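Next come two complexes built around chain A: one with chain B, the other with chain C.
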Partner chain A sequence: MLDNLWKRYKYLIPALPILVFFLIFFLYPLVEMVRISFYRSLTYGQMEKIFTAENYIRFMTDIFYLKVLWRSFLLGIAVTAVTVPLGFILAYALWQSKGAKRKILYFCVLFPLFTNLVVRLYGWRIILSPTGPINVTLQYLGLIDAPVKLIFTFPAVVLGLFSECAPYYILILFSVLTLINERYIDAAIDLGANQVTTFLKIIWPLSLPGVVSGGVLTFIWSFGSYATPMILGKPVHWTAAIHAERQILSVRDWPFGTAIGIMLMIFIILVLFFQSRITPKTQTQRN
Partner chain B sequence: MPSDLSLQLEKIIKKYGDVTALEGVSLDVRDGDFFFLLGPSGCGKTTLLKIIGGLENPTRGTVKIMGEDVTHLPANKRNTSTVFQEWALFPHMNVFDNIAFGLRTQKKGRAEIKKKVAELLALIQLEEYQNRMAFQLSGGQQQRVAIARALATEPAILLLDEPLSNLDLALRQQMRIELKKLHEQIKKTFIYVTHDQTEALTMADTVVVMDKGRAVQVGSPKDIYKNPATDYVATFIGEANEFHGVIHAITPEPVFKTDTGLDFKVTLRDRDTSTADRASAIIRPEHIKVILDGAGKSMDNQFEACIDDIVYFGPSLRIFARLEKTEETFFFDITVDTQAANDVRRGQLLKVGFSKLFTLCFKAD
Partner chain C sequence: MSELFQKKISLNTILFNIAVAIVLILLLAPILIVIFSSFSGKSHLSWPFTDLTFRWYKEVLQRSLWVKAFVNSLIIASLSTVISLAIATPAAFALSRRKKNKVSSVLSSFISWPLMVPPVMIGIALLIFFSKIGLRGSYFAIAIGHSLWAGPLVFITMNAVFERFNPIYVSAAADLGANVFQTFIKVTIPIVRSGMISAVFLGFVISTQEFIIALFLYAPKTITLPVEIYTAIRYEISPGISAISVYMIGIVAAALIVIDRVIGIENIGFGGKG
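The block that comes next holds the complex of A and B.
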């Protein structure tokens, strides 16, 4: 019996350190959060240790938080809608390029990841500010009379999240594109298809697994984003994640803050479940 | 322009940077011919096939299909279809959609597509499989679907790029026969690339032997086997013993001397050969005979040889032998159930001979 167990699970031994790490630093806090989310909140950050679902009920019945959730959802959709086509163009270019050109492009895609996120976001703040390069250039060209409001807008938040998610989306899609046998494209052209037909009938369907998983990653990332809407947006653009943080650290309402966090997690699990249902079941031909 | 030519290649040159893949290949292919491009890997045969199909552009030269210059026509506007080496069936489509792909790009009607695909499925005997995905088919079935897909657009020329190389031996032999039958049935020009000389010898109407970007010899398999133009062709097509040496004498009859000092009478294949030229002599294994007592007086070249090894081949025995004096090694075949075959033993000394008519001598390059 014990011998049997050992045989079945001994392959997990090398993974033990990382498993222990996850157990302590991920699973334990998570369990703790779930526990706290069912407590009753008192004043000055105190909690009454009883079992109640009132935090969840409050979140789902308060029109303010429902609006926050809805806006986070819209933000996720908007960022995904921008990232999927634009990122596709870049991933496609990366796939089609060769030699030094590919290396340079690859570096350009990865380079933003070398810099800290907050530093990058303050960079965007400078670029988008009323006295920043964009406004100055537009004014110099005489296209506008007064500076346009760019920073602290919804598009600014979307732009910031796009620049954040695009590298990951592009890398995921690129790895799927490289699995496409170039012979399929030769075969399509050989059978009389033009560039457009070849793209729509061959390349696009075969790249769909990458588009879907990259797109879902982008959505989840934006939906749960924290720093970007905080730095590039106004409170009206704040995501549910920011509100959870504020409940915990500013209002000191741990039970309600953790309940928001758990709700976000459930929402994302639902999205992933939905993704597993719509992912096309394509098989690559193997020899 | 002779009207019965489906393909004419004129001085095709292809360069990749400094590397020359094709050095001026000119070929004429009869309409309805089963035409083979044969050569080792890297000889330019696949590049040539791509140039015919329009998937590559020649650096210089002209491609004519059915008498029409198509050199600058891209692949999707050419009247050719390719069966790719790994078949390249679209993995996200079923058999029906794969075959219908070319018909759909031609904007054919629904009913017509259905009829045509059904015909092709009948031709390849896979009627039951139209809803299967490519990966659900065996290698041989995928191969047949790839052929049907290529034939759907009714190309003037069907191009096949080593289509059997991914199949196991038994299936390959069966597919050779099926392909040959198919060719007889539909009477289209097939251009077939292979490095497998057995495929070329057994299936081709015409073979072009390629080497280092050149077409070395064009002819029927029989012609090429019997009258190889160069020693390269002789050793590439069929098996042969090759000896290196010099021309010892031209008159009264040509004599060749190997580097180890063996001399024998030969037939010269190159016109401008003279004494002391470097050369090589080719003898096919079936042309070396065992000389039993008294017989074989007519053999021009006779030697005492020691048998090193005997390998059983089924219908024949392959004998590996060594000449007593000069240590030259060579091999030859004898039919089983003959006196000679029953008598041979390893280590035995026996007399072998070969006629100068079958001893072909080529001047070295």
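The block that comes next holds the complex of A and C.
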């Protein structure tokens, strides 16, 4: 019996180090975090180690934090609504391109993906600032008299999060598009369908798994985002993640800060669960 | 009739290309503006950038604050590359060949979990953990944090590399009497070497660019370059910060070129045919 199990799962031994590593440095710290969220916080960052749900009750009964959660949710929706169509265009172009053109497009997606988020946010700060290229050009053209407030606004936060999430969304969608059997498209064109019909009837339905999983990832990341609303937004745009960080690093109220974090994660798990229910299965067609 | 159809297609194509150009601008504009602004001769950043100069590149290298942060970033990135490669490669090898198996697919998805958790949560959890064992602010702690992010991505890349790897060589080595370990070192590793080189660069780049986890775990002695930039840009924008940012962008560009030379840039990704 044991011998049998050993034979069956022997091949998994090389996977042990990463599993142990994740147990110690990922799962265990998260469990610790859950435990601390049930402690009672005292002044000066002290904690009383009793079991209480008061941090969660405080979060759920305080209209301020409910509003924060609601605004994070709206932010996630807004970013997803922008990223899904715009990202689709580039993923589609990447799929249709060949040779050197595909290489260049791929580079254009990977370069921002790997460039430090802070550097990209800094770039947006320069572009959107009152003395930045947009405002100066508009003034030069006489379209506006005084600089328009572009930075520290909700659209600025959405724009920043779009450029953060889009590269990942594009790559996920592209990998699904490459699974589409080109013969279906040829068949549709042979049967007299034009480009729009081909897109709506063949490409769009087959790419849906990529749109959903990429879109959900975009939503989760915007919902849980920290740096972008911090740098491109005002305190009114702060997400739950920022408030969790403030509680921990500034107020030093660890139990409440971790409770905000746990609420955030529960919300994300619910979204992922919902996604697994609605996601159409990836269809692989034989070539 | 057919001419009309042709014309319509070309109009569609033009509109589509314009849309592609707009998306590309949205993706690349922030990086390009940072590069351009680093040459600005004025000490405050206002458009248009004039009196172009290279002096900021030299100036920032004379400020020990930036140099120290840069060195810290390199130390942590090296550590985290070693860690994530050491743990992710064997796992990718073990899990790549038996995708159909239920256990394997559950384990594969577990390994990508840290990518689903907001970095702030990982930062908070590790802050609590490392404070408790007294390692908060150490290079090791930050490198571990980065490995939680780089490890899964190295795993995904190496998984794709191993999937394309023909297992017949492994059977041949086994037939000739090599044990599992010998086969791995003498047969598997040489075949997938180019994939591993790419994974090294991938892990390294991810660690040099990550900053949220580092923000929670750093101490003044171990502050990384992205955290230093983050602290700086909350109060000012200046060509000096642009110049130091361009050094970071340079690391990314260099790594992408190396990866492209070794395995081809289109092989970094999330599965698919690649």
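Basically, the second predicted complex is superposed on the first by the 278 of 287 C-alpha atoms of A that agree within 3 Å, B and C clash if a C-alpha of one lies under 4 Å from a C-alpha of the other, contacts with A are read in each partner's own complex, and residues count from 1 in each chain.
To be clear about the criterion, a residue touches a chain if its C-beta (ideal position, glycine included) is under 8 Å from a C-beta of that chain, and two chains touch if they have at least 3 such contacts.
Everything quoted here is computed from the prediction, not taken from an experiment.
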| request: Look at A:184 in the shared chain and tell me whether it touches chain B only, chain C only, both, or neither; answer first, second, both or neither. | output: first
| query | After lining up the shared chain so the two structures overlap, which partner does A:117 touch, if you call chain B first and chain C second: first, second, both or neither? | reply | second
| message | Going by the contact rule set out at the top, does A:193 touch chain B (first), chain C (second), both, or neither? | response | first
| task | Classify the contacts of A:206 with the two partner chains as first (chain B alone), second (chain C alone), both, or neither. | result | first
| Of the two partner chains, chain B (first) and chain C (second), which one does A:25 touch, if any: first, second, both, or neither? | second
| task | Figure out whether A:46 sits in contact with chain B (first) or chain C (second), or with both, or with neither. | result | neither
| message | By residue count, which of the two partners contacts chain A more extensively, chain B or chain C? | response | C
| message | Under the stated touch criterion, which partner chain does A:276 make contact with: chain B (first), chain C (second), both, or neither? | response | neither
| query | On chain A, what residues does chain B touch that chain C touches as well? | reply | 194
| request: Within their complex, state which residues of chain B touch chain A. | output: 53-55, 74-77, 80-82, 84-92, 101-102, 105-106, 133-135, 149-150, 152-153, 166
| query | Mind pulling up the chain A residues that touch chain C in the complex? | reply | 9, 11-15, 17-19, 21-22, 25-26, 28-30, 32-33, 36, 86-87, 89-90, 93, 102-103, 106-112, 114-127, 129, 131-133, 135-137, 159, 162-163, 166-167, 171-172, 174-176, 178-179, 194-196, 220-221, 224-227, 230-231, 241-242, 244-245, 248-249, 254, 257-258, 261, 264-265, 268, 272
| query | Inside the complex, what are the residues of chain A that reach chain B? | reply | 181, 183-184, 186-194, 197, 201-202, 205-206, 280, 282-287
| message | Quick check: in the complex, which residue numbers of chain C touch chain A? | response | 5, 8-9, 12, 16, 19-20, 22-24, 26-34, 37, 44-48, 83, 86-88, 90-91, 93-95, 97-98, 103-104, 107, 110-111, 113-114, 116-129, 132, 144, 147-148, 151, 155, 184, 205-206, 208-209, 211-212, 216, 226, 229-230, 233-234, 237, 241-242, 245, 248-249, 252-253, 255-256, 260, 265-266, 268-274
